[in-house]
Structures are given as structure tokens and as C-alpha cells.
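The structure that follows is given in the form of C-alpha cells.
Labels run A, B, C, D, E and F following the written order; every chain starts at residue 1.
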Amino acid sequence: MTALANQRVAYLNGQILPESEVRVSFRDRGYKYGDAVFDMTRTFGHKVFKLQEHIDRFYRSLRYVRIDPGMSPKEMIQKSEEVLERNMHLLDKHDDYWLGQRVSRGVDNVMGEQPIQTGPTVVIECTPLPLKARANFYRAGLDVVVPSTRRVAPSMLSPRAKTHNYLNMIIGEQEAKATNPNSWAVLLDENGNLAEGIGSNIFIVRDGVVFTPSERYVLPGVSRQTAMDMAKDLGIKLVEGDIDLFDAYVADEAFITSTSFCICPVRSINGNPMAEHAIPGPVTKKLMDAYVKFVNYDWVQQYLRHA
Amino acid sequence: MTALANQRVAYLNGQILPESEVRVSFRDRGYKYGDAVFDMTRTFGHKVFKLQEHIDRFYRSLRYVRIDPGMSPKEMIQKSEEVLERNMHLLDKHDDYWLGQRVSRGVDNVMGEQPIQTGPTVVIECTPLPLKARANFYRAGLDVVVPSTRRVAPSMLSPRAKTHNYLNMIIGEQEAKATNPNSWAVLLDENGNLAEGIGSNIFIVRDGVVFTPSERYVLPGVSRQTAMDMAKDLGIKLVEGDIDLFDAYVADEAFITSTSFCICPVRSINGNPMAEHAIPGPVTKKLMDAYVKFVNYDWVQQYLRHA
Amino acid sequence: MTALANQRVAYLNGQILPESEVRVSFRDRGYKYGDAVFDMTRTFGHKVFKLQEHIDRFYRSLRYVRIDPGMSPKEMIQKSEEVLERNMHLLDKHDDYWLGQRVSRGVDNVMGEQPIQTGPTVVIECTPLPLKARANFYRAGLDVVVPSTRRVAPSMLSPRAKTHNYLNMIIGEQEAKATNPNSWAVLLDENGNLAEGIGSNIFIVRDGVVFTPSERYVLPGVSRQTAMDMAKDLGIKLVEGDIDLFDAYVADEAFITSTSFCICPVRSINGNPMAEHAIPGPVTKKLMDAYVKFVNYDWVQQYLRHA
Amino acid sequence: MTALANQRVAYLNGQILPESEVRVSFRDRGYKYGDAVFDMTRTFGHKVFKLQEHIDRFYRSLRYVRIDPGMSPKEMIQKSEEVLERNMHLLDKHDDYWLGQRVSRGVDNVMGEQPIQTGPTVVIECTPLPLKARANFYRAGLDVVVPSTRRVAPSMLSPRAKTHNYLNMIIGEQEAKATNPNSWAVLLDENGNLAEGIGSNIFIVRDGVVFTPSERYVLPGVSRQTAMDMAKDLGIKLVEGDIDLFDAYVADEAFITSTSFCICPVRSINGNPMAEHAIPGPVTKKLMDAYVKFVNYDWVQQYLRHA
Amino acid sequence: MTALANQRVAYLNGQILPESEVRVSFRDRGYKYGDAVFDMTRTFGHKVFKLQEHIDRFYRSLRYVRIDPGMSPKEMIQKSEEVLERNMHLLDKHDDYWLGQRVSRGVDNVMGEQPIQTGPTVVIECTPLPLKARANFYRAGLDVVVPSTRRVAPSMLSPRAKTHNYLNMIIGEQEAKATNPNSWAVLLDENGNLAEGIGSNIFIVRDGVVFTPSERYVLPGVSRQTAMDMAKDLGIKLVEGDIDLFDAYVADEAFITSTSFCICPVRSINGNPMAEHAIPGPVTKKLMDAYVKFVNYDWVQQYLRHA
Amino acid sequence: MTALANQRVAYLNGQILPESEVRVSFRDRGYKYGDAVFDMTRTFGHKVFKLQEHIDRFYRSLRYVRIDPGMSPKEMIQKSEEVLERNMHLLDKHDDYWLGQRVSRGVDNVMGEQPIQTGPTVVIECTPLPLKARANFYRAGLDVVVPSTRRVAPSMLSPRAKTHNYLNMIIGEQEAKATNPNSWAVLLDENGNLAEGIGSNIFIVRDGVVFTPSERYVLPGVSRQTAMDMAKDLGIKLVEGDIDLFDAYVADEAFITSTSFCICPVRSINGNPMAEHAIPGPVTKKLMDAYVKFVNYDWVQQYLRHA
């Protein structure tokens, strides 16, 4: 089957298909149980960002849940690049893509019947970034709300693996959005320290020092790492460790990192405005500038252009 | 499209289709995040069991995750019965079906594009029970192994909702099966008391009294409730509450309940044999007999016939 | 000094004074450390409610923090009644009073100096109920929000003593009110089950059964007890025990009790509307009616009159 | 009103008054709920110590509980210095003052009535140090007792804010003092590690290294910081982190820091004598000497003079 | 070897020997690791008490730690009775014995060498009760102190098995006795509720109702059960469940049960005197009287005779 | 009594006796309660290893449990060396000894009777290493299994003291060995991070960095310290801190250290094979080589010679 010129394509178990044909059986364990892991990078000005780092993390997730993708990291990268290339012509000059890989454990075949599929289900796909929907956050800053739902503990299911089991964070986000639909939920870990939001990490700044939760209770974001590298390059002290609500409430600045956000300033935490009223605050601004320089693409302008 | 005479059909968003066409987009939140709930009953001698109770529980799961199925419980029951009926002719006299309903929050459409789908994704399907694979457990008893992975806590994601987020239990089961592939994993709750296995509840018997974990940390199984009702009818004392490994190790008997298992005797817990060596033990046997009588179908013989 | 005809009076360490003169030294431990306990009842149609029960609870709080009030429960009741009587003429026909007792451990005198005061500081006072501010809740129902801040654990400071240490609940309430100023905060206990709000208890109703947190993690409210007694009188089953967010989200109805509220219906919990849309729901209504009958005063009308 | 020559004065909401007139309404939230924060420094030889650091910490406490003092840190310092100066003539040559600031959220005015007060209640006051009462501890060393009551957890109310909610520590102290009235209580944090005593921090010494609980579970004392700075200046290794009872029982030396104590040696912990029998031990002695030098005042002699 | 007329004998692995010869190898796992369990009853007026119940509990402990004693419960009883009989002539008319059974997992033989012993090490022994040392507690009441050390959690090692691993309770007791050598330590469980002391259970009385910790966190004492039975016989309401320090501090009476103590009144808990000043309090007295009657021996007088 | 030429001797309370005479009374608290501590080093090529470090740790254990051994560390070393020397002639050229010291609190004498013993029970003994039994682990690698039983928490009994209370670890090991008798159990700490196995520490290697649990939840093994020193000498980065199952499952290599094992490679953790299939992996190999060089004895060959 050939992809139409105006429809994106995606990879599914060896084939590149129009997205509308990239569907999985209702017997796929990824669908039935979220028994799958994924990873996701983005492009900057149509160039893919740190694909190797994302694939490395992806294979750690796979090892943790004991799924064999039946494909080497190298092949995964090649296929990802191919999918991206095949979809590039559909992208507006000012837009960019998420580029994701998803592997489920495969299909629960019915015993005694012809198997529907053996081996894992591998999907590689592109999605346009939601630039418009998030543009305003770069002007006004995010309002972070901490819900009562706690992030799943590492002794139950490690937050360090990026899996298809997101209900814990969805439930938490619902609490926050129920009262403020524009808020950004950041859950506490089992001990009551800040952990992470859906696909995003949090940082606070106080007295010129940048703090972020250590990797014990959160996904070690590639953008988080990039922000940390920027801090290092700029000579800004960065500390990984427990951050509680006291830290959050007396902070000068705060920001969120994620693949799509890169760095997005925070305006308030639980309704408590940051001490620095500028959006972004001075330290956040420096890191954003360095990030823009590092990826050689002005994603801040990209967002603001959509506002 | 019409279902072939020899292929099962399933319901997908308003249509009854051959199973091979019941597929969901890779953008379906049920697939991406396990952002879906389900429920599952079975037939006994081709007659469906407690469908109403399962649908009631299903709608509680839906409310908990705030998904609107766009369908009343009554319609859900009607559609379920229709799917079952349409598949009944494919079932051998001695076999039976699971009958399941699954609703995801729907598809994450790409902003600015034509939506793939609006509203939830509803699937209703039948699956033949794995009678052969489990037959031997009724002869030899299950070997329960308690992994180190703890069941996700209610303050994170309630085990009382039956969701598509099963990785916590899958990870736990992998520990148990790594050393004994025939073992049955039962996870501890956050406090270190017995909780549940994948889709199954545990009971122990001591001095003629039957104990099972209370609903706080487990899915309130319909079969669990049936076993409890049987105990009541037989005048056997039943206590819901915390059960720790001391209780498990000094128990006389133990058994597992689930939709497919009904009641299956346990031979050992963490390698500790039950004091009652008979499989099933006398109290378990009474409950199994009553269960058979209650459903008016000898599912024990049904299993053993496949051994 | 004599109280003016138009100023309320209060009791302070043996004297009845105009309220403006009822002040405590900045060296009073009640002020410096919240090292004090209190209790609070109300009047219905100008008649005091269950003063004995409140005083009994008050003396348990005193024993817990090891403060000797220097006064028997009987005297405390007499003085309370006297203060009430001295203030009754200031009360409008449709209004009512809170009647409260407060005892701090006394003053931290400066060593080597003339003591400012020896022994405890005892205050007994009346406050008009905020009927107008709360009237609308009886029409629309309360929107309960569960903050991330957890109620102080019994192994740290027992919530069963009514003390002057309210910052834990104030901090929790600030989270809730930051996004919805009209919300009513109910904190979780250390285990993630519903505990209590500021001076108030929570109840949920499901399938005709009424549930409320057991006394382990909450102040045993006198109004809570009254609601429980009403349920008993009406033959409505009532269960004390752990209530988690799953329970809350799948409940049919919910309500709050407190000295001032008596029983106030809940409309939503974390933005999840109750299944019963009527305000109040049918079971809540029955309990409210019985409560009105029991106190022989229609406090619902009293509130609504102020709406 | 003018202060008498022989009575200390204090600041109350804009006025400097004789202490006997510095009183707060029984409707002040600082009194009713401990809804207030404070801070406290001292003088050394009549010179105030690190007032800026204390005021900085004070404003962090204010931000945490969301109280606006209506006054800049600079004004707070000026007023504090003024109060100190106005009281200095009352101080004996060998004595010194605590100098404290307290801000409550203000008065709970009665709705519909003339407000008693709007805005916060600000008190600034001086108190002579209890040198005589504590003098003997510098000779014999403190007997530290660890009560069963655990320090309130940061997810409930942060110990890093200095608030008027001290009942948790008072309850803990009562346990310790019930069996040994001269003991000094140090509470464990929620995880069972040493946290802090009332207004005081703990340090242990082993093999020449000094350890103290990190800031996560304790008030970051200004004297604690001074002791840490002294260690740094002296080239003594200092580690902040978890300290459990094993650490405490095998330590060579231990000491307590607080604004009034500066550094006070510990003789025993839970009846276990320190390995170093000298009071103070050699490392403690070095730190005390450096502290004396740093503040340019021999507070050790000041205490011992009162013994 | 023959026992001397004036030396007690004990059973060791099949032989009855003078006590001085009942010794175990330093390679015995009971000695090296506390890898052993025991049980202990007593005589009343030289008649053994509830030996069957103790042996039943003993065999549950054995099953929990997976030690096979190589002897049936019946034989264990016979041997116990024989040991008792052989020692009876050494007992004064007013004295009584503890009668204990101890089984270790046996000796860690050196591989490649002649085994020292195969199979378990079984000891059965008699010990005179310490009547004199405890007599005064029946006059003055016990002073209960709650140490900071928490009772080992059931998910680590079940307190419901009576093992040779007592260091947790010894460490706890040392805290209590360090400040008050006559105190009786009662440890909290992992959640901060009262658990148990060394070989003893605690009860409190409030408003005529008797409360004791449920079996989840404590050894289910045979004397505890006897006290509970007495309450039942007397129509006194008895509740098993969590008891926190609030309960303890507001209780009217409290008492300790153990094999040797039977029931011993408590005077204070953490220095807080019981509300009922009589020793024993009225409810405790009733239970003690019933206990005396039940065992048909006045053990209270027996103790007091030694005072 | 004189030791036979062909029987090992051991020290018992001042005497050196044939091992068969080194026995303790059944009234010894080491036997009754595990109320004792010990330590254990080994010889390499008949030369004792780091005896001073072991004795230092031993005296910390003694201080923690408040047992006075009645002997200085120096004497303890001298006696240990004497016992070793007296047993050396019995050792084959290729074999080596464990050398252990054990001190219990002594005997619970019967009140009113002649004491059996006063003061502690001191044992010093030699045991041939089980080289043959463990030889294969050096070829095939250890299969680590993590049981559900959690290591006793430091707030209950510190794992940093080496005591005679091993049941917690024995119970954990039984879980692991029940399904795989050749597995090596490593328990999780109270928070769900890897702690330790019986007498052994665990290390993992990822990306060339070596990680091991910090001392908070484990015995600080002398071999653990030696491995850490080797890493330092080799310029291999070593991090002490929390290690969860995610870390374990994505590790490249892992190994166990203990006095007898020195360093033993791990093949799998919970059935998950290490990424590095070589046994030992390259980093483990380097550390083993350095260890061999450091002790100047090839213990790897010593083990393999017994395979």
C-alpha cells in the first residue's frame, strides 16, 4: 500500500504505512495492558534532536520490562530517520515534529488458534508539535498545581522507564485541571517531594542555584539533561535532590522541561507566585538562551509566533 | 464488511466486525497510555455469568478515570449479549468464553487536522477460555510466589478500578515466573500484606475460617464475591482484612479466585506447602462444590477434561 | 470595667470583660506556640447544643497535651452558660452563636522577674455564626478539593485533640482555595485516605450506606456523632473506616458535618460531580431533616434565609 | 502611653509600648491557630548577632505560610534595632537579650461587625536569656533523650518554617522530661533519623568528622550554620545527611546548637554516654572556641558565671 | 549422667540432663543467629497452665520459620510434662515455674567434617518465676515508657512468631530503662500504634470498654487471650484494634498481660498518670479477680507475699 | 582439658578449649534472644586479613547493643591471633579459615540461685571456609533473587551492627531458595532499594561506574570497603547511594562482596541476565584482580581449584 502524498506515514512491524492503517489489534498487549514502552524526541528546524540518547533510554526501558524489540538500537535509529524523512515534506517551515518509537510485547494470541502475530509490535511515528496550544505559556508562564495523587513508587513500577502506563499521571492531572484547566500538574513522589508531570521535569531556582529532583523518582528527561548541561556550561550551580513544597514556595524562579517544551517558565506553584515576577526569570532566561543556541534553532520564537 | 462464518466477531464503536478488523489507531489513548478500563465475565456451559455485576463494576471504573463511554449500562449489556450470541456457534460444547468490554478515552487527534475519531473507543469481545493451559492446576494446585514488587498503592492509582495499566503486575509476575514458570504471582500491598495477582484474588483458610484481603487494596472480584457468598450459604465464617505472610505460612489451605479460575486450590506459598496436603483441601472443596452448584455447571470437570 | 450594652463580653481568667479587653500577652504560650486547646459548640434558636459532650472532649484534649485548666468540667460548663447568657441580648432572632472555651498553658514568664501570670490562660467566648457567608452552600453544594498536603499523623500530633495548631490544615486549605476560592478543603491522612477539613468531617453515601473516616485520623466531631446517631435512628447503615479517592469518586452523595454546618451537602470532589445531582441527595436530605428535628430548630432555613 | 524606665518595651503594629500592653486579641489567628511565624536572634555582649540572616529566614517562613507582613525586611531590621536599643539600658553588663519578630495573619473579625484590626499582627520584642537555668549544661553536658513522638513531616507542615505551631515538639519534650526533667529532647523525623529539638539542632562527631541532619527535616538554624562555618574554617570535615540511632550510639562526641546555646556539649544520648567523656569533647571544644572568637564574646564564660 | 537431687533437670535432644549440662555448641544456629523459636507457659500452684494452647502457638512459630522439630505436638507436651514433674520437688510451696520449649534449626556443621549434630536442637526447661522482683508492681503499678525504637514490622519478621530474635525489643527496653530502671517498655508498631513489650501485651480501659492491639503487630499472648475471655465472661466490651498515644493518654486504666504477670496494673504511660488513680483500677480489678478464679490460684497474693 | 591434636580449639571466657567443649548454657542470652554480636574475618594463604578493621567494627556493634565485652580491642586481637595460631596446623595448604569473635550479654541467672556465670560470654573461633560449596559461583556467576521480605529497618534494629539476630535474613533467603536452591538472596530495604544478603553486600556496574548501597541500610562490610578502595586505586568511579530494581535490571555487571567471597560475579538478578554476559564482567574482573594483588593471594584460583 502506498502512502498518499498528503498523509503522514508510520512504521508498523516492518512496513511503512499511511497513518490511518497503523492500527493494532485489540488483542495487542500494548492496548490491553499498556504492556509497552516508548520514547520520543523532536526536531528543531526539521533536524532531529539527540536521537541516540533517546534510543539509549528506550532500550533501558525495554530491558526493564523485559521486552525484546527484535531490532538493534542502530536499526531503530535508521528506521526512525527513514520515517522522519518520509514525512518531512508535509511539515510547514515553522513547524516541527515529535518522532516516537513504541514497542509492545505483542499480541495475546488465542491458544489453539492461528496466531495473529508473534513477537513484539513496533511502531515508529511522527506527530506535529502542538505549538499553538502551548504558545501562551511562554508569555504568561505555567501555573503548576500539585495534585494529591502521588507518583507511582519505584518499588511498584519504576518512573525511570517510559511506559504505556500513564493512568497514574492522568488521574493526577485531572485533579489539577478540574479547578484550573490551564494548569500544569506536577505530582509528588511517595515521600512528598516534587517528582514530575506528564512527560515533563521540574526545576526551581533559588539564590542563583538551580535544583531538580534526582533521577530516583522521575524519568531522566533528555531535555532535563540538556538544561543541566546548559547550566554547567554557564557556570550555574545545579543540584539534583529532594525538593519539597517549602523549596517550591520560597523559590525565586521555576521552569518545566520536556521534549516539546524544551524549557518553559513557571509563573506560580499552587497559586503561590514565584518571587521573580519576570517571565522568564533571569536564570531561566539564560538557560533558555543557551538551549536555543545549543540546538541552533529559536524554539522560543517558534512558540511565540503561534501565540 | 461481513464476518466470516469461522471467525469471531467483536464490537468496535457501533459496528460488529470480524476480530481481524477490530484494531485501534496507534494514536488511541488506550494504546499510548493504557488510558482505558475494561471488565470481563465468562460463560458457564455457554450461559453468561453475572453480566450485570460486571457492568456495574465497569461503570465504577469508568467514573473513577472520568471516561464517558457514551452508552448506558443497559446498552452495554445488550451489546455484550449480542456479541456473545454472534460468536456462540464457534464454541465447542465443552468450551466457554470470556466476554469483555473495553473503553478507552479515545484518540489523541493531531491539533489542526481532521480528527481521526471523537469520543471514546468501545470494544466488546469474546475470547475462548484457556482451559487446557490451566487444567493441571486443579490437580496439583497452584504454587503461589510473592514477588518483591509491591502492588500500586491506592493513593497512586486505585487497584479497585480495572484499568489497562497492568505493568505493575506484569513486572511482579516476571519475578515469580523467572524462577518458576508455573508459579502464580500474588503481590503484596504497600503495607506488606497479600493483595492480588493478575486478575485474581487470594483466600486462605485456617481453623475452618476463610480469610481474604479486604477491598482496600484489590479489585473486588465478582468471583471473589461469589466465593464469599458460597461461604455464607454454607455457614463458613469469612473474614475480610489484612493477611500477612505469617498468616499465609501457617494457613491450612489457600485458593485463588478469578473469572476464569472460579476457585483454584493452592499447593504452596513461597515454597511453603499448605498444612492440608489434599488438593483441594476440605474447605476449598466445599466452596468449589457450592460454586459448581450455584452456576449449575461443573467447571472443575470442564478443566480436568482438558488435563 | 463594665461591658457596654452593645459589646459582647467574654471570660478571661476569672473575669467577664468586654471582648475588646480580652487580650493575651505576647508571652502567652497559646500565642507563641499554639500551646493551647479549645472546643466549640453552637446554639440553635438561642439554645446551647450538647455542651456536656463538647466539654468532655475538651478535657480529653487537655489531658493529651497535659494542661491543667484549674477548673472542673462542671465549672467550665457553668462559666460557659454564664458567658452565653450575658451575650444573648445582642443576638438577632434569626442568628445564633458559637460558644467556645480555650485554655493555654499560660505565660512564659521571664526568669528572675515578677511573673506576669501563673497558671493557664482560660478564655470563654461567643461568636455570631457566619450564616450569610455559607448560605449558598446549602443551595449549590460544596465543592470539595483534596490538597496535596497531608493531615498531620497521629504519631506526631493527634488530630483527635482540638488544639491551637492549625497551620497544617491552613496550608492545605490554601492549596485548595488558590485555584477555587469557594472550595472546601478535605485533607488526606498519612496513608492517603480522606481525613478531615478545618473543623469539619466528611461523609460519603453509596448504595444507601453512609461511610465516614474512623476516629483514628480525625477529630471526632460532635456533629459527626449526631449525624451518625441520626443514621442509626433512621435505620441507615453507617460504616466508619478508610475512605480513599476511589470511594469518593464513585460515591452517590457526600456531605460535610461541623458545629456550624451541622450537615452541608457536597456537589463535587476534585471536580468529579456526585452521581446524585440533587442538592442535597436523598440520603443526605433524610439525615438533615432528622438533624433539624433532633435539635428542634430549622437551621437549614436559617442558612437559606441569609442566601 | 510611655514606657516606664524599668519596664521593657516591645513593638506592636506600629507602636512601641510597655510589654504589659503588648497583648493580642483572643480573636487573633496567631492565638487561635498558631497562624503566625517568628524568628529570634540574640545579642553577644549587647551586640546583635546576624540579624540580616534571621530576617531573611523570617521572610521565607512568611512566604511559605503566605502571610504578608506589610513591611519590608529592611524596615523589620530597623524596627528590631530600635526595640533593642530602647531596652538596652535594662540589661545587666553580663546579660544578653533574645530579639524576636512575630507576625500573625491578623484577627478573625466577626462578619458584619466593625473590624477589630485589618492586616497582620506584628510584634518585635526582647527577652533576657535564661543563662542561669542552662549554665550547668556547659559543665555536665546535656542528656539527650529521643522520644517516640516523631517530628511533623515536611509533606504536612515544613519544619523549615519557624511557626507558632510547636505542639508536636512540646508533646515530644513532655515524654523526655517525664522521666528526666533535665533531659533535652531531640525528635526523630518521619524516617527514624535524628531531626531536631525545640529550637535546636544536633551534631555528632565521629573519627574527627562532624555530622548534622540535612535541612530537609529541620529548621536551618543560624547557629547551626555558624557551627558549620567554624568547622570549615578549622578544616574539620562536616557532613550533612541522615543520622540514625546507630550513628548516635557509636559517636565520639555530640553537641546541640541554638540561638541561645550557641554550642552546648552532650553527655549522653538515650542514656548511652558519649565515647569521649570530656565535656566538651576535643572537637566540640575547638568549635566552641572558634565560635567565641567569631562573635568576639565569651558566651561560655557568660553561662558558667551563672552556674 | 544423673541429675543431683538439688539441681533442676532439662530436656536436650532426647535426654533429660542436669541443667548445668544443658549446653549448646557455639555452632548451634540458635546461638549464632537466634535461628530458633520458643514458647513458655507457667504453673499456678504447681499445675501447668494451658500447655496445649502454648504448644499450638509454638508449632505455628515453627512453621513460620520452617523448622521441623522432629517431634509431634503430643510428644512435645508429654516431654514438657515429664520435665516439669522431674523438677517439681525443688519448688517451694509458694513458688511456681515457667515451663519452656525451645527448638533451633540445629548446628552449622563444618563441611567435609564429621557432623556435630544433625537435625534440630530441642530444649525443654523449667525456670522459677521472678516473683520477688516483680511483687511491687502489683502494689504501685507499672510505669510504662514508650521508646523511640519501633517494633520490627511484619513484612520483615513477624512479631506473631515467638523467636530467639529479641534484640529489637531489648534495644527498645534499654531506652526506657536508661532513664527509669523500673519502667516497663512498650514499643510502637511501624505505624506508631502501641504494639507490645518484651513478652507482654498491653490493654487500656476507657469508659468501661477494654482495648488491646490486634494480633497484626503483636504476639498473640495466651494470657492476653485469657484476659479477653475473662472480659467476655464478665460482659465487659473488648475491642481489638489500633491504639495510639492519644488513646493511651486519655485512658482511665491500663494493664499488662504476660505468662508470668497474668494481669499487672499500669500506673502511668510516658509519665502521664492514668485517670483512675486506684491500683488496680476497677475494671482491671474485676479482670484480675476473674483470672484468679479461672486458674483457681491466687497469683496476686502469691506476688504480694514476696513484696 | 587439653585439645586433641586433630581437633580445633576455640576461646571461651578465658580458656582455650577443644571445640566440642565450647558450649553455652541454654540460659545464655545469646542463645535465648540472639542477644549477642559478632564479627568475622578470614585468612588468605593462612594470613589473617584486616583484623583491626573487623575488631573496630565489632566494638561499634558492642556499643550499639550496650554490651561490655570486659576486654579491650587489643586483647581481643591478641586472643584472636592466638586461637588462629593454635588451629593453623590443622589447615590444608590450599584452605583458609574464617576467624570470628562473638560476645553475648551473658547468662540469665535464676534469681535467688547461685549464678551460673556473671558477665558476658566471649567466644573466639576458627572455621574452615566453604570453598568447595561456592566454587562454581566463580565460574557461572551468582543468580541473585530479591525476596519480598524487607530488611529490618534502622529505626527498629540497625543493620549496621553485626548481631546474632539473623532471622529476618534467613526468612528472606528461604523465599529465594524455595524456588531456586542455588540462588543468592539480596533483600530490599524498607524503601524498596537493594540492601544486602546474608553477610554480603551487592554492587552493580553501569557505563563503567560502580554503585553500591550506602551504609544507611547495610552492614558496612570490610570486603565492601576493600572493593571500594580497589575501585579508587584503579580510577574507577564509585557511587554509594540508593539502588532500585530499575538500576539492577539495566546494569551491565553486578557482584557480591563478603569476607569469604571477597568478590563474586553475578549472572542474573531476578532472572534478568546482566548485559555483560562474561563471568566476570570486565569491570568486576579488574576489581577481582586488584583484590587478589592487594591481599597477595589468589583466592579466585583457590575457589576454582575446589570446583
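Keep this in mind: a contact is a pair of C-beta atoms (placed from the backbone, for glycine too) under 8 Å apart; a residue touches a chain by one contact, two chains touch by 3 or more.
All figures in this text were calculated on a predicted structure; none of them were measured in a lab.
**Q** Could you run down the chains that neighbour chain B and chain F together?
**A** Chains that touch both chain B and chain F, as defined above, are A, E.
**Q** So if I look at the partners of chain A and the partners of chain E, which chains show up in both lists?
**A** Correct list: B, C, D, F.
**Q** Determine, among E-F, A-C or A-D, the equivalent of interface B-F; equivalence here requires over half of the contact pairs to be the same by residue number.
**A** When the residue numbers line up for over half the pairs, the pair is A-C.
**Q** Call it same or different for chain D and chain E: same when shared residue numbers make up over half of all numbers used at their interface.
**A** Same, since over half the interface numbering is common to both chains.
**Q** Using mean CA coordinates as chain centres, what's the chain B-chain D distance in Å?
**A** So the centre of chain B lies 58 Å away from the centre of chain D.
**Q** Just how far, in Å, is the C-alpha centre of chain F from the one of chain A?
**A** 45
**Q** Averaging only over C-alpha atoms, locate the centres of chain C and chain D and give their separation in whole Å.
**A** The mean C-alpha positions of chain C and chain D differ by 33 Å.
**Q** Could you pull out the residues of chain C that touch at least 2 other chains?
**A** Chain C, residues with two or more chain partners: 66, 148-150, 153, 155, 174, 188, 192, 245, 272.
**Q** Sort out which chains touch which and give me every pair.
**A** The list of touching pairs comes to A-B, A-C, A-D, A-F, B-C, B-E, B-F, C-D, C-E, D-E, D-F, E-F.
**Q** Once bound in the complex, which stretches of chain E touch chain D?
**A** 145-150, 174-175, 177-180, 183, 188, 192, 245, 270-272
**Q** Report the residues of chain D in contact with chain C in the complex, numbered from low to high.
**A** Those in contact with chain C are residues 10, 12, 19-20, 22-28, 30-36, 38, 65-66, 102, 104, 110-113, 116, 123, 125, 127-128, 130, 132-133, 148-153, 155-157, 163-168, 170-171, 174, 190.
**Q** Help me check something: in the complex, which residues belonging to chain E touch chain C?
**A** It is residues 188, 191-192, 242, 244-246, 249-250, 272, 275 of chain E that touch chain C.
**Q** For a test of understanding, state which residues of chain D touch chain A in their complex under the given definition.
**A** Residues 60, 63-64, 66, 153-155, 158, 160-161, 216.
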